[in-house]
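The first chain written gets the first letter, and so on, giving A, B, C and D; residue counts start at 1 in each chain.
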Amino acid sequence: MEDFDAGREITALRAGDARVGAVAMFIGTVRDLNDAHAVATLTLEHYPGMTEKALAAIVDEARGRWDISDALVIHRVGELKPMDQIVMVAVTSAHRGEAFTACEFIMDYLKTQAPFWKKEATPDGPRWVEARGTDDQAASRWKGQGALASEPK
Amino acid sequence: MPRTITLVYLARLREAFGTGGEKIELPPEVGTVSALTHWLAARGGAWAAELAPGRALRIAVNHDLAGGETPVATGDEIALFPPVTGG
Amino acid sequence: MEDFDAGREITALRAGDARVGAVAMFIGTVRDLNDAHAVATLTLEHYPGMTEKALAAIVDEARGRWDISDALVIHRVGELKPMDQIVMVAVTSAHRGEAFTACEFIMDYLKTQAPFWKKEATPDGPRWVEARGTDDQAASRWKGQGALASEPK
Amino acid sequence: MPRTITLVYLARLREAFGTGGEKIELPPEVGTVSALTHWLAARGGAWAAELAPGRALRIAVNHDLAGGETPVATGDEIALFPPVTGG
């Protein structure tokens, strides 16, 4: 899947909206070392159909919780190498507090709710990345304010 | 009347089961996600190993994350996969 | 002062560092409405000499508090118009938590500690923007972990 | 021996005082930032108004934010300005 240009995406996201005063953005990139494993390539698998629905639900949830102008999520799939861009989340708002919070919320939920899986090619062979407890903890911070409709019961 | 559903296997489960999915006829006693995974685990081998109690497993019914009590109905697309690791 | 290209700046910031897994970024932009005043142009004044020192001190403080790889602050001065970019903060790190937190910290401190002042041209004439109590509150969140050396005693 | 310092006025204060700064000789009794602002306020007019107790005022000594008790010494560059509003 094609790479993205963060600057161009942000320019498009806030184009024509002079109420926007704040843009918060996050980019996730491939590290050459993960959990003490050297990473030669990283392959991202997803679940076509559900992926789009899950990302849209996460963005809708953020829109419902905070006063934001717009939000964008781009997630690549396929084979990537160290330093490649994996994911981008951008949120525009009148004020920076909402932009930062909604951006971090979207990333935390994406990490635990969106159907993507990472497989690393390492010197010891291929390895499916294990989910991190710290990601569940990060996502659970947001639970107090109402849960995602798509969460497991 | 046959109760056909589509199963989708992703990531580690796809590799363990050696397939990306299958169409199956649901037996009459399988009415929930939990009953379905028990029924699949009874196939033994990789099925028993990957669907054993205590293995982290996520299930989506028609592209929404589901719990054990979620009903399973004719025509559903039911996906089994490990906890997600994107981002 | 010349505009910046956020995508290019981020690419340069993380270039060659394969330990980076996370980039958090913030961009502040000119709104056409501020405190119920229509804004035709916004003029940013600074204090040459102190500005560079204050921004460097804020970045150093963030480096000392969190395990980050690199950080960048760009702040424009002079006359700007609605939708123009004013400021950009970017932080790279191995993990997203540190990147987000350090980026928000730098913005909060910049808003209260860095010598920049905004003057708006409005239909009722020019108007110096007043400091917001919410900005002081945002900056005070970080006090518990030790204060900036350059803070007023 | 004359004790010369450089004063810098920024933003609203620059406009109110009609100048971006000046060099002055410190009188012997002025040894701190607080004493300096009192001494300047005694000029009256815009000085009294802008430097009145209760007006939000920030001071930097040699490019570092300073408090009222910060000492003032020969050769210092002392800047007076309103609370910052950048970002």
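We take it that a contact is a pair of C-beta atoms (placed from the backbone, for glycine too) under 8 Å apart; a residue touches a chain by one contact, two chains touch by 3 or more.
The shown structure was predicted, so the numbers you read here are calculated from the model rather than taken from an experiment.
Taking each chain's centre as the mean of its C-alpha atoms, subunit B lies 49 Å from subunit C. Per-chain Cα centroids separate subunit B from subunit D by 73 Å.
In whole angstrom, the spacing between the mean C-alpha positions of subunit A and subunit C is 23. Contact with two or more other chains is made by residues 87 of subunit B. In subunit A, the positions touching at least two other chains are 28, 96, 107. If you sketch which chains touch which, the chains link end to end in a single open path, with no loop closing it.
Interface note: chains touch in the pairs A-B, A-C, C-D.
The touching residues of subunit D, counted against subunit C in their complex, run 8, 10-12, 56, 58-60, 63-67, 69-70, 79, 81-87.
Subunit C meets subunit D in the complex at residues 28, 44-47, 49-50, 53-54, 75, 86-87, 107, 110-119, 128-132, 149-153. Residues 5-8, 10, 14, 17-33, 82-83, 94, 96-97, 99-100, 103-104, 107, 134, 138 of subunit A are the ones touching subunit C in the complex.
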